[in-house]
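The structure follows.
A, B and C label the chains in the order they appear, each numbered from 1.
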Amino acid sequence: MHKLAKFVKLACFLVVTTGLTSTFAQVAVSTWGFNMDLINEHITDTFVEQFETEILYDLGNNADRLTRLQLRSDNPEISVVELAPTFAIRAMREGLIEPIDTSRLSNYDALYDWAQDPLGGNHGIGFTVYSYGIVYRTDLIDEPITSWQDLWREDLAGRVSLPNVTTTQGLATIVMASQAWGGDAENPDVGFEKLAELSDDVVTFYARSSELVSLFQQGEVWAAPVLRFAWGSLLDTDLPLAWVAPEEGSVGFVNTVSIISGAPNVDSAYDYINHRLSQEVQSRLAMDIVDSPTRADIEVDAETAEQLTYGDTEMSNLIFLDYDYLLDVESDWIERWNEEIAQ
Amino acid sequence: MPRWAWFLILPATIVLVLAFVLPLSLLFVSSFFAEGGFTFAAYADFASSSASQRAYLRTVRIASIVTLGTIVLGYPAAYAISRVTMRWRVLLIALIILPLMTNPVARTFSWLVILGRTGLINNLLTTIGLDSVRLLYTEGAMIVGLLHLFMPLMMLPLVSAFENIPNDVVPAAQSLGASQAQIFVRVLMPLTVEGLTIGATLVFTGCVTAYVTPAILGGSRRLMLSTLLHQRASTMLDWSGATVVAVVMFLTTLLAMVIIQRLLGFLHSPRGLT
Amino acid sequence: MKEARFPQIVLGLLMVFLLAPFLIIFIASFGVNASLQFPPQGFTVNWFRNVLDQPSFVSGFYLSVQVAAASTLLALVLGVPLAYASSRYTFRGQRAIQVLATLPVIVPELVLGLALLRYLIVATDLPLRPSLMLGHTTLLIPYTVRITLASLSNLPYDIEQAAISLGASRLTTFFKIVVPNIRDGVLTSFVLAFILSFNNVPVSLFLTGIGTATLPIQMLLYMEYNFDPSIAALSTLLIIFSSLVVLITERLLGISRAFK
């Protein structure tokens, strides 16, 4: 039994934990965790310097974080939350986030109009934008892709991947398919029909952008609708790829930052949001291709701009969807997708 | 049973009741309450949806095939492991556990490399002059992936069971003139049926509840109950809808456990040695 | 001893099947290209360096080891006695308790994670680490109970009774007779439970707090957006780590022993 005792001791030793105490005030932010090292460099570190407040992060995808916020809503520990469109609307409807007093944000007026109040009632402020376009292999597809309709082309059959309905861009895909074939968000029947028709020729419906990168990498997929923030990862494959802003227009997604209802440390929450929107932070994040800015006064070089959703021309082509409406129809559309398309 | 023996049973029971039965029962009860009233709506929705029905049948089909597959492949292999020297046995056991240790998404990448259209198998097929075939995003791919993932759960209990059979049992039976088939049916089977039951139960339930492997290898066109549950929970944040799926999964695996025990209990018949 | 060849051939093929995916990950983790690729181009160990440079991976690793060690031990401490009592005695509610100890395996873990958070942890304000350990312990008990039961079923009770009738105390009998005979089963369940806990995603998903998450959760986060070979490198490191767990367990407790 001697060995067992030794083993138990070892295990107990591992269980003993060391607590770290900090001298700074703290504010907790719920966010994705995408490019965390750069976020730390450009936001966390600069924030500590300026406000002597440390940022703690609660990381995860939209759904997991929102679920955790719901369950802890009686006694929130987190002050600020960053969410993608439908999830932000959901958080607003459930009263998880509260209106922001924009007069407390000195950087508010520098934002594009569409970034100032994307959710309504000042519940959230857009801090980054990304467009939804189509990426394709220029070496394997001769005739350039210019519109959503091209995804139905004969020469692409069996080479296309579409996002799964459960992704951030899932509902937008149904809207764009409808728009391409004469319908729209309110009349999605034609979109569902055309997607069902295409379904057999779709390699797979991808669930995360990293999955799509490997599908391109291994030559399984030649063309797919993609969110702009994945474009950099796709370029990393060194494949001959092109980005297309489709004729039907590029859907623009705006991620918002909000204050949690009943949040602790509200002052620091405002400081954080103002910092997130500041010219310095937005410009540093843009340079490193973390987030595309929602301020008009950010300058980046052409090569960087290529990988961002950036510039007045690009901005003017963006279409913003009505997520309030999309959230209403979401469960019906997913059910319909399961019945008609994913079979 | 002596009274003190309750102290062996109670701690685990209390933990399970508090940290398992109680929270889940509350969640279960909550699935009947929507918009302030008692309702079966969530269950009715599930039963009437053809997508749910397909997902259900697919789940049962795939889980059964994978369980059978792990038995057919795992049984002889576990026997072989139990007969090698201990040094080798440790090594082999360590290697068998690898699939469980490999990160699910990284593991799926390797299936893409193996099963993909330009993958290893298709390369092999085209080099020997055959046409490439679609392997990925099929039920076949899901079965292969799950078979790979859950093989350890079958192998480990089986190896344990085989190790407990004294080394001279098989030679003794042979010397008494038993055929290979007789040894298998009348000696090995009865002595390993417990391990087999555990293995089959773990594999079947694993297949029913596994998420990442079926989601990525099958794609969203081949929904299983687990992928359906995630869709409801993680996209729609519809937890009562997700709980319904969970209840169905739970009942399915419960039924499967009973069937497995009945089937294998039959092998554990008085013909055996124990 | 003459052995049939057939089982060995099956084992050989099975090992190829089980190991091939890992070999691909291992090879791909040395690729120079910024996205995971097979066959890889060039050779670099930078991705391994990158993994060790990520504070979230390092802190996640420590948390995962702590949680896995604690919950595995707890599951053994709770599970082995239960298995022993239920194989040696008959008592009221025996069947029910055996079923109860198996149930956590058949509940979808994601749902268990949610139920735990919603109805136990939020209600009692339990801190994160104990919550994780409790959640994982619940999941692991079926494994420790069932595998120990299987080992016990092959150990006739007569032997223990003989020892007791010869004057050995119950405790001595347990440690001198029972433990050596079920050691393989207990070790198997230890290794399996540790690894299952260490890799668990669904239960840990909701038991994640500000600045703290287990390694698999950190990996999931990383992979949501990155597809560089770091994940392959980390997988490789974890496999080395798990092999170490198996080896250390073997060294400390003797996972295998001479044939009886």
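Just so it is clear, contacts are C-beta pairs under 8 Å (C-beta built on N, C-alpha and C of every residue); 3 or more make two chains touch, one makes a residue touch a chain.
Please read these numbers as outputs of a predicted model, since none were measured by experiment.
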{"item": "Chain contact topology (line, ring, star, complete or other)", "value": "complete"}
{"item": "Contact-richer chain pair [A-C vs B-C]", "value": "B-C"}
{"item": "Distance from chain C to chain A - Cα centre to Cα centre, in angstrom", "value": "34"}
{"item": "Centroid spacing, where centroids are CA-atom means, of chain B and chain C in whole angstrom", "value": "15"}
{"item": "Numbers and ranges of chain A residues touching at least 2 other chains", "value": "61, 64, 67, 210, 214, 218"}
{"item": "Set of chain C residues in contact with two or more other chains", "value": "36, 38, 114, 118, 223"}
{"item": "Multi-chain contact sites of chain B, meaning residues that touch two or more partners", "value": "105, 109, 113, 230, 233, 239"}
{"item": "Residue numbers on chain C that touch chain A, as the complex places them", "value": "33-38, 54, 56, 65-66, 69-70, 73, 114, 117-118, 122, 129, 175, 205-206, 208-211, 213, 217, 221-228, 252-254"}
{"item": "Complex interface listing, chain C residues touching chain B", "value": "1-4, 6-8, 10-11, 14-15, 17-22, 24-25, 28, 36, 38, 77-79, 81-82, 84-86, 88-91, 97, 100-112, 114-116, 118-120, 134-135, 137-138, 141, 143, 145-147, 149-151, 153-154, 184-185, 188, 191-192, 195-196, 198-199, 201-202, 216, 219-220, 223, 231-232, 234-235, 238-239, 242-243, 246-247, 250, 255-260"}
{"item": "Interfacial residue positions of chain B with respect to chain A in the complex", "value": "49-51, 54, 105, 109, 112-113, 116-119, 136-137, 215-216, 219-221, 223, 228, 230-231, 233-239"}
{"item": "Partner chain C, residues of chain B touching it in the complex", "value": "1-2, 5-9, 11-13, 15-24, 26-27, 73-74, 76-77, 79-81, 83, 86-87, 89-90, 92-107, 109-111, 113-114, 148, 151-153, 156-157, 159-161, 163-164, 166-167, 171, 174, 180, 191, 194-195, 198, 201-202, 205, 208-209, 211-212, 226, 229-230, 233, 239, 242-243, 245-246, 249-250, 253-254, 257"}
{"item": "Chain A residues touching chain B - in the complex, by the definition given at the top", "value": "61, 63-64, 66-67, 70, 90, 164-166, 170, 199, 203-205, 207, 210-211, 214-215, 218-220, 330-331, 334-335, 338-339, 342-343"}
